[in-house]
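Let me begin by handing over the structure; questions about it come next.
In this document, chain identifiers A, B, C and D correspond to the written order of the chains, with residue numbering beginning at 1 in each.
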Amino acid sequence: MNGYNKMELMICLAARYLEDGATVVVGTGAPCAAAMLAQKVYSPNLMIMFEAGGIGPLLPSMPISVGDSRTFYRGVAASSMPEIMEMCQRGMVDYTFLGGAQIDMYGNINSTMIGKDLQRPKVRFPGSGGANDLASLCWRTMMITPQDRKRFVEKVDFVTSPGYLTGKGAREAAGLPPGTGPYKVITNLCVMGFDEETKRMKVESIHPGITKEEILENTGFELLWADQVGSSDPPTEEELRVLREQVDPYRYIIGRQ
Amino acid sequence: MVEEITPAGELFCDPDVDRAREFFRAKPRRMESKVTSVKEAVSRFIHDGDYIGIGGFGANRIPTAILHEIVRQGKKHLGLSGHTATHDCQILAAGECFDRVDVAYVVGLEARGLSKAARRLFEEGKLKVTEWTNATLAWRYKAAAMGVPFLPCRVMFGTDTYKYSAAKEIRCPFTGTKLLAVPALYPDVAIIHVHRADIYGNCQIDGIMVSDSDLARAAKCVIVTTERLIPNEEIRREPTKTAIPYYLVDAVIEVPYGSYPGNMAYEYFSDEEHLKAWLEAENDPDTYKEFVNKYIFSVNSHWEYINLCGGMERLSQLRALELMIPLNANGEA
Amino acid sequence: MNGYNKMELMICLAARYLEDGATVVVGTGAPCAAAMLAQKVYSPNLMIMFEAGGIGPLLPSMPISVGDSRTFYRGVAASSMPEIMEMCQRGMVDYTFLGGAQIDMYGNINSTMIGKDLQRPKVRFPGSGGANDLASLCWRTMMITPQDRKRFVEKVDFVTSPGYLTGKGAREAAGLPPGTGPYKVITNLCVMGFDEETKRMKVESIHPGITKEEILENTGFELLWADQVGSSDPPTEEELRVLREQVDPYRYIIGRQ
Amino acid sequence: MVEEITPAGELFCDPDVDRAREFFRAKPRRMESKVTSVKEAVSRFIHDGDYIGIGGFGANRIPTAILHEIVRQGKKHLGLSGHTATHDCQILAAGECFDRVDVAYVVGLEARGLSKAARRLFEEGKLKVTEWTNATLAWRYKAAAMGVPFLPCRVMFGTDTYKYSAAKEIRCPFTGTKLLAVPALYPDVAIIHVHRADIYGNCQIDGIMVSDSDLARAAKCVIVTTERLIPNEEIRREPTKTAIPYYLVDAVIEVPYGSYPGNMAYEYFSDEEHLKAWLEAENDPDTYKEFVNKYIFSVNSHWEYINLCGGMERLSQLRALELMIPLNANGEA
C-alpha cells in the first residue's frame, strides 16, 4: 500500500477536482474530508456548504451530522435548508457528493430500498434526504464509494437520485436543468467519468496495484474505457500530511478502511 | 418520447388553501401566556391521528422532551413528516406512534448508522409511505407558510422518488419550462425546540434555521420547547432576531438541555455515547425493550432522563465539547 | 363641532371596529391613529403590523413611512414584506385600511391614475403599493376618507384594488380568496357598510349634524340605506383624551382637518 | 361568466431560469475584497439600459450615494423596479435615468406628498409602464431567488392592476384553485444599503429586511453600500446574522450615513426638512433645476452632500431623533 490506504487515496483523488473559487455542498464522511483537504492544499477559496444551512465554516473537525454546529462554526452564514437548496436551484453550486447502496451505469443512485414493494421493502434505507435535490440541481455530482457487484448493478432497485437516467438527453427530457449530471465516481479501484455520447460510466484511471480484471469482477454492468486509461496519481506527501494531521487527526474517516 | 407518469404516492394532508385560511382565521392570536408543561402540551395539543412536523435536523435542535412524552402517552396513528428525521424518528419508532410517513430521510442517523427498530416498522409493511426529498418537504412547508396550494421546483424528475411521491408535473406559463409542483403541507402540529422564547411564544434561534421558519408558519398548532424563557423585553430589544412570532405558537415549555442527546448549537454537543448505546440496544429485542423502558417509560421528566444519562456532569462535558473548551490538560472536553 | 373635528370623529369610529385579539395591517396617517387608539382604549391585544415588515411595535409616535424605524420600535418582530404579505395570504390578518383617489359603490379603489391611457395618464398616482395585496388577502378592508363627488364615483378610472368588483360572487369568480372584501367606509359624513345581497355600499350611520342630503350631494353613485340608519356615536371623552394626548400629541393627523 | 383577460403589460426582464443558471454558473464567487468607490461601482457595474432593483423601502435604508452617482454619471434608459420607490424614484427621476418601470408604488413619498418631477415623467408618456403590487414584485424577486420561473399567489384578480401587469392566471394542479402566476424577476443590478459588511460583501442588516434578502439573491450583480465595514471575524462570530452572503456581492463601499436623507434604523432618522425642501423645489422648474444642481451635480461625494445639508451637526440631531434621546431640556432632539 506504499504508506496510504484506499480511503486516503479516494479522498485525495476527489479533493483534486475541487478547484479554487468553486462551491460544493457536502455531507459527512469522505466528501467532507475531500473538501476540507482541497481547501487546505489546493483551493483556499473553495466554498463548503451543508444542506441544513451551514455556509463557509472554518471546520474545526469532521461534522457528525450535516446539521450539527460544526457545519457553521465561524461560518460566513448560518442559513436554512431552503437557502442552500435554492442556491443550488439558482445555479450557483458547482459540485456535490452523493452516496448510495446501488449505482447503475448512468450514475443513477439508490438510497431508498432493496426489494420491489416500497410499502414492504426487503431492506429500507433512509431515502433521498437532500440527495435527489443536489443531484438534480448542482452542476456536477461526484461519488466516493467502494466498488463491488452488489453496489455497481445493471439496474438499481429504486432510482432515488437521478444520474443520466436512460442516457444522453434523458435528464433534460425528464425536466431536469440542462448541463447537470454525474461527473466522477471515485472508488477503491479506479476513477470513472461519463462518456459524452452515451452518458455511461467510463473508467478514466486505475489505482496503483489494481488490475482491469479486478474492476470487471467488481462491476455488475458493462463499463466503458477511456482511450487512454491512466494510472491514478497516488496521494502526495503534502496531501497525506494535511489529511492525517489537520483534516482527520482522529482517523474517523481514514481509519474506516 | 417521455413516459407520462402519475405518481403513486398518497397525499396525507389537505393542501387546500381556503380551508386552511378558515382555520387560521379562527386561530386565537392574543398575546397571552402559553406557558405549560410537557405533559399538558402533549395531552392537549397532540391527538391520535394527527400529522406532525418536527423542528431542527434529526439530532440537532430537536424537541426531545416532547417526543419522549408522545411515546409515554402512547399516541398512535400519527402522520410523520420525515424531513431528515433521524433520532426523532427513532424515538417515535420506539413507541410505534406513527402509521404514515412523508419520507425524505428516515431510519438512518447519518454517519452513526441505521436504526434497526425504525427500519423494522418500514419493512414490516405497517406504514403508509410516500417519498419526497429534503428540499421538496421544505418547499411544501414553504407553500403552506406562503398561503399557496403548491410551489414549483426542478427536482425529482425522472426518478422513482418522483413515481412514489404525490407531486405533479406542470409547465411554466411564461417560459414553457417543465416544473414539479409540490403541494402545500399544513401539519396539524409542529414541535420545535429553540434557544430562547418569552411566555407568549416569541422565539429566537441561533445558528441554522433548517426549515423551522416555514414549518412554524405552515403548522396549524405549534408547540415550542425552549432552553430558557426570557422576558418579553428581551424580545423587543432585538426584534430582528425573532424567528417565530408569538401568534403562531400554542404552547411554550422551558426545557433546559431540551435537545439532549441531540446537539444544540452554542449550548451543548450531541451525546454520541448515548446515541451509540441506543443503536446497539436495538440489536436485541429484549435489550431494546429494557432500554426503552428505562429511558422513556420509567421516566417522568426530561431532567430525570438527563440524570439517568450522567446528569449535569455529562452535560458539562457536552457543553465544553460544543464550545471546544478543553476541560483537562490533554485538551479533551 | 362640540369639541371634536371630523378627523377625530373618523378615527374614533374606526377604532371601535378593531376588537381585542385581532390583527391589522395599517399604513401611515388616520388608520395608524385608529389602530393606536383602539389598542390604548379598547383592545390592548390588537396586533398592529406594517407591510414593510414591522410587527407589534410599541409605537412611540406616528410613523412617517410604513417602513420607518417606528414601525418596529420595540416590536415583537422586525420581519420582511414577504412575511407580512404571506401572513395575509395565509389568512391570519383580520383588518386592513386603504386609501385612494376614487372609490365606487362596490368599494373598488383607484390609486393609480386619472385618465384613460396608463402610458400617458392625465394624473399619475403612486399605484397599488401593497393596497391591492391587502385588499385581496385580508379578511376585512376598511377606508377612512373624505366624501365628495370627485372621490365617490360611478366608475373609477382604474381599479387598483379590488372591492366587490361587479357585485356578489364576483371576487370569488375572479379568483380572490372567499370571504374577504370591503367592510366599512368611514367618511367625514357617515359610516357605510356593504349590503349582503348586492355588495353595494350602504349607509349605516350618519354623523351628528350631517343630513342625508349632504351625503347624497357628495356621492357620485346610488347609495343604499340601512333599514335603521343610526346616528354615529360621537367620540367619548376617553377616546378624545387618549387620541390627543397619547396617539397624536403633535396633531400631525388630527390637525389636518 | 368571467371574462378571460390577457394582461397588456410588458415583461421587461427575462424570467428564463436556465439562462439565469448559466449566468450564475459563470459568476465569480471567490471570497476576495470587493471594496471600491461609489464612482467606480457605478461606472463599472451599471450600464445604460440595465434593469435595477433598489433595496430598503422608499426613504428607509436606501443607497442614496449610489443613486446620486447614477444621476451624476448620466446613466440612461434604466429599467426600474418600483417596489415602493419613493425618494429613490425621486432621485432617479431628477436625472431622467429610467425609461421603463415595473410599478408597485412610485412618484409618491407616502405621507409626505407626491413628487411633481417624477409624476411629470409618467404623465408625459416617456416611460413604458407595467403595473404590479408590492407583494407581487416581492414574490417576483423571490421566484428568481428560488431559481424558479414563476411563483403562484392570490392577488390582483379582477382589477385593472392585473390587466396592465404581465402576470398570468393558472390553476393549482392539486386543488383546482385559481392562482396568479408572477414571473421571476432577475434585475441586472441590485443596490442595497446595509448596516455592516465585511470587505468580501458579507452583510448584516438590523430591523426589517423589506425584500432585500430575495432581491440580493435575484439580482445578477449586487452593489452594497454599508454604514461601516467590519472585520470578517465579526461576521463569523455571529453567522446567524448574515443577511447577504459574500458570493452574491460584486461591490462593497463604506458610506457612513449612506441612507441620508432617508431613515436608517437604530442609526439616524430621516431628514424630513430636507425631503420637504426637495418636494417644494419641484414646484418651480428653475428652482428645481437649481436644487438638483446644488445637491447632486455640483457635489462630489456623499460627505459633500451631507455637509451641504447641515453636516454632522444635523446628523447628530437625526441620530438623537432616531434613538429618541432628548438633546435639550424641552425633550427635543
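Criterion: contacts are C-beta pairs under 8 Å (C-beta built on N, C-alpha and C of every residue); 3 or more make two chains touch, one makes a residue touch a chain.
Just so you know, these numbers come straight off a predicted model, no measurement behind them.
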When A-D and A-B are ranked by contacting C-beta pairs, first place goes to A-B
For chain B and chain D, what's the span in angstrom between their mean Cα positions? 37
Averaged over CA atoms, how far is the centre of chain B from the centre of chain C? Could you give it in whole Å? 41
On a C-alpha centroid basis, what's the spacing between chain A and chain B, in Å? 27
Shared-contact residues (touching 2 or more other chains) in chain B: 17-18, 146-148, 153-154, 179, 206-207, 239-240
In chain A, the residues touching two or more other chains are 72, 78-79, 82, 89, 137, 177
What topology does the chain touch graph have (line, ring, star, complete, other)? other
The chain B residues in contact with chain A across the complex are 2, 56-60, 82, 84, 86, 103-108, 110-112, 114, 119, 122-125, 127-129, 131-136, 138-139, 142, 153-161, 164, 169, 178-180, 206-211, 213-214, 263-266, 269-270, 272, 322, 324
In their complex, what parts of chain A are in touch with chain B? 27-29, 51-54, 60, 64-69, 71-72, 78-82, 85, 89, 108, 112, 117-133, 136-137, 158-162, 165, 170-171, 173-177
Given the complex, residues on chain B that touch chain D span 11, 15-18, 146-154, 168, 170, 172-175, 177, 179, 181, 183, 205-207, 239-240
Please give the residue numbers of chain D that touch chain A in the complex, ascending. 17-18, 20-25, 27-32, 144-148, 200, 202, 217, 232, 235-237, 239-240, 242, 245-247
Listed in rising order, the residues of chain A that touch chain D in the complex are 20-23, 45, 47, 55-58, 72, 74-79, 82, 86-92, 94, 137, 139, 177-179
